[in-house]
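Single-structure report; data block below.
Just so it is clear, A, B, C and D label the chains in written order, and each chain counts residues from 1 on its own.
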Amino acid sequence: MKNSAILLISCPDQKGEVAAIADFVYRHGGNILHADEHADEESGLFLMRVEFDPKDFDIGLSLFNTAQAVHPSSVQIGHSEFARHFEPLAAKFQMKWHLALSAHRPRMIIFVSKYDHCLVDLLYRHKSGELDCDIALIISNHPDNQAIADFHRIPYEVVSVTKENKTQAEARIQSLIDLHRPDFMVLARYMQILSNDFVNRYPQRIINIHHSFLPAFIGARPYHQAFERGVKLIGATSHYVTEVLDDGPIIEQDVVRVSHRDTVDDLIRKGRDLEKVVLSRAVRWHVENRVLVYGNKTVVF
Amino acid sequence: MKNSAILLISCPDQKGEVAAIADFVYRHGGNILHADEHADEESGLFLMRVEFDPKDFDIGLSLFNTAQAVHPSSVQIGHSEFARHFEPLAAKFQMKWHLALSAHRPRMIIFVSKYDHCLVDLLYRHKSGELDCDIALIISNHPDNQAIADFHRIPYEVVSVTKENKTQAEARIQSLIDLHRPDFMVLARYMQILSNDFVNRYPQRIINIHHSFLPAFIGARPYHQAFERGVKLIGATSHYVTEVLDDGPIIEQDVVRVSHRDTVDDLIRKGRDLEKVVLSRAVRWHVENRVLVYGNKTVVF
Amino acid sequence: MKNSAILLISCPDQKGEVAAIADFVYRHGGNILHADEHADEESGLFLMRVEFDPKDFDIGLSLFNTAQAVHPSSVQIGHSEFARHFEPLAAKFQMKWHLALSAHRPRMIIFVSKYDHCLVDLLYRHKSGELDCDIALIISNHPDNQAIADFHRIPYEVVSVTKENKTQAEARIQSLIDLHRPDFMVLARYMQILSNDFVNRYPQRIINIHHSFLPAFIGARPYHQAFERGVKLIGATSHYVTEVLDDGPIIEQDVVRVSHRDTVDDLIRKGRDLEKVVLSRAVRWHVENRVLVYGNKTVVF
Amino acid sequence: MKNSAILLISCPDQKGEVAAIADFVYRHGGNILHADEHADEESGLFLMRVEFDPKDFDIGLSLFNTAQAVHPSSVQIGHSEFARHFEPLAAKFQMKWHLALSAHRPRMIIFVSKYDHCLVDLLYRHKSGELDCDIALIISNHPDNQAIADFHRIPYEVVSVTKENKTQAEARIQSLIDLHRPDFMVLARYMQILSNDFVNRYPQRIINIHHSFLPAFIGARPYHQAFERGVKLIGATSHYVTEVLDDGPIIEQDVVRVSHRDTVDDLIRKGRDLEKVVLSRAVRWHVENRVLVYGNKTVVF
């Protein structure tokens, strides 16, 4: 796999940023492979993603540690050599920034309930090399998907959730997270609601797949809602989880055509294919450090 | 143009309907060109569209008059010869039915405000033979689109609408309708709300284009709403108008991809292309008697 | 699963066919669930698919045997009771016809080489109930996919193919087919060419997936060809195999957008998702007896 | 309209280019609005588009003249002040470059035969402000589209083409071009073949719309070819014209689904909508200086 360094930047829009950043990389021996930027007129924000070849880079990048260098914060890497060199520039432009190395494979935990199509799809893509991350663990409130986890040799933990044990169950989940230290988590059709406290602990680090074209059909049974409304297309939406149900920053959406001939079961079947591709794109882009959040929106570079 | 007869049927689902209808057409010398049917499990309804070549049909069809034979009611043609022959069968199966002749070009009135893209598109498609209907009149609350109407030699009436004159304006519109006797009406980005009384007078005869993927972004400024929400696709929806805003039976929808690079103006521009194709498909299907309404949904055969 | 009978018919277009067929089903107590027909103007052919509920059907359908009642021929079921009743009608209209029962699960053999994405996808869909067929066997020229076959408990036979042993290899494949008696076969990225003799033995019974939007990029390495040409969309095509390479009747196609940012590897990755959905749709439609071939084209009802 | 300067660059890929270019713009007071770049691994080429706000730019840009500053060559602007400042940098990196000002509206000549849908579409988009260019002239080999040209007050010249007068006709076209000095030309369903000499005179300055998904169905009557082959999607392709028929660099493509129900006429009708959007996108991107050609491919920034 190609080794590259990815610098993600967000700051107030002002003159000279691109030049300053490109010059910094160049002066230290980096070769820019891709550069993408976006100036958001409404918020006055400037967002940038620079991917460079660090082969001849004269600043040591070895101290980075994925378990610490958690997107989107750069606090944890404040003592590194790169930060020491980059901070003056960052301060001048009031940058929030994050550096990632493609050689560092982020660690993912997958949550799943009974529906297994997204889980199976992610496991297959991971196995075939589409997703440059490690799967630390699968957490489920049901034992049903143990076999496929075993086939892929991924640890599988059942955490049953009932009305009565919600708090204990989440505490158990938290202890699994503390143990496995994921960089991010994916709700691959996980049918339990996580508490606000939990969600707020991992901003932009929990990716969900909702089986509708949000903001249409928020909440439960969206395919049934779509069937009732008589829409001619159904959709799926992958987004970062926030406190408000199905309201977080959208990473990816797609749709497929339906007709009067399709029953609710047909919608569910067609929707499975949508959910798989939409979620897997979002996960891949997150893994490749392509997603930047501003306000309640995302840029996908 | 091909001359054909189109029989639209809606009745409780029961055995023998297809055979009875096909046999009726055959016995009277009709040659079935297309037959489509749909049994809706939820409502227990059976819907059918039979298009047949009436060349050797032994029942006279000449008495039909589009200005009277208004879809979806068959009351007006109750005295015709066809009805006399078909009624026994219709009664047996409790059919609601409608017969249309493709040779009869339905009459359309187009409503438009300032945005002219849907109007221009419909006029061009009409001129180039895509829409087998006659355009009786264009009604607008602004004089802006007079020139394009003149170019196509379609009468253009300006009915200004203000807060104060709403009732009089609608009365004026009603008198224009009474004069021009349209079979159906199209709101091609007409930005005025029509009264419930008016709307209820023309069930399944007023087609609207809404510039969002309904039921997302109901109401005003949907592109701005879409921009705010950060969706990755925008849509357009064509539907029959009912009392409830943007809630009528959906005839057609489509979407196009957008990204963080697209401003609201880009959404509006991309949306125009969507609105044009979505509305024109709905109008063409309506003209070709392909749309059947059941509950709040449509079948498009 | 719903039990239904599916009657597929192909005959010269003439008056009274729909009535005669619908009447036949009705007279014998069948309730038509879906009826689709198509009259092809060029060839003068009439094609029909009638799906009916055989619960009260007064002709015994139990004698059918999928291993014999091979689509698209009806010769094998000539002695059945249904045939005895239907043949007079069939003779009158010069029908070629085939009757299938949804309760009969057709038997499929999957061929695969090293690329496993289509195989894994078909196995998963089969397991999750999307494909109402039985997988009799997987044949591969490589041992690589044994593990996934084992996981799904499907027999897996390796038949190595070299320049020297082509004839013996095909003989070995033939003996496996004779043993397992499939109703149809699927080439799920099988990279060996089958002989004309072999292919001609199974008309409309071998489904292939080609990784381009045919007829563009016939032959080897279509993604490389597409990359060279600089196309803005790539495609995949599922078709019945005939003597002429990549030229058989097309069952399904789809495309996905690419850009200058996509390398050949990206095209291959994006293409995998296309290939999976396109092939699986074709297989499902074939299993559900929805595909009728006329000339070198298909109707998908 | 927003005033911006667009710098297009193509050069061998090497370290420091982005930094050097961004620094140049910054040092002279420009504010980068958008920057896009692409490094093509195969050819080793680096391509870049930088759009900047020239409000405080300290190099005069007023000398540019669209009639001279013809994309993709920069020869004509060699004497300008910008060139004087930029040339040392350009020489160092062996850049081919072009500077455009969005305030300069390029001049377009449209060629059309009888089919008017693309012409009407371009004229409407131009009128509604979607295309920031001027339409100098419409050239047609038929008088049929005079009326729509008159409606839009665009000069319309008929140059009849017969087997016998091909050379004279092209000479007449050339004289019209010499008179009207377009920056680029659009073949909006122009059914005559232009000579190689003519085509070679205007590299990357003639945009054609071909009514198929190239490279499928090259040459005449592609919709008939598509119908014969039984494809499930039809396409349209916009490309720069080169000597080899339908082989130039592709700017944009799109497709739409068709089925056995669609006749050739339906394909033609559906295709019209495709052709309009595909051609208009290509023209808009060309006008906005978003298209860069490398080898036989395009980058669309």
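The rule is short, and it goes like this: contacts are C-beta pairs under 8 Å (C-beta built on N, C-alpha and C of every residue); 3 or more make two chains touch, one makes a residue touch a chain.
Please read these numbers as outputs of a predicted model, since none were measured by experiment.
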- [ ] Determine, using the mean of C-alpha atoms as each chain's centre, which chain is farthest from subunit B.
- [x] A
Open item on the list: Given that subunit A and subunit D are copies and touch, would you call their interface same or different according to whether over half of its residue numbers are shared?
Closed with: same
Task: Inter-chain centre distance, subunit A versus subunit B - centres from mean C-alpha coordinates, in Å - done: 43
Task: Inter-centroid spacing, subunit D versus subunit B (mean Cα positions, whole Å) - done: 38
Open item on the list: If I count partner chains per residue in subunit C, which residues reach a count of at least 2?
Closed with: none
- [ ] Would you mind writing out the residues of subunit D in touch with subunit B in their complex?
- [x] 116-117, 120, 124, 128, 130, 147, 151, 269, 273, 277
TODO: Quick one: which bits of subunit B touch subunit C in the complex? Just the residue numbers, please.
DONE: 15-20, 22-23, 25-27, 31-37, 39
- [ ] Could you pull out which subunit A residues touch subunit B in their complex?
- [x] 38, 40-41, 213-217, 229-233, 235, 249-255, 259-261, 263, 295-300
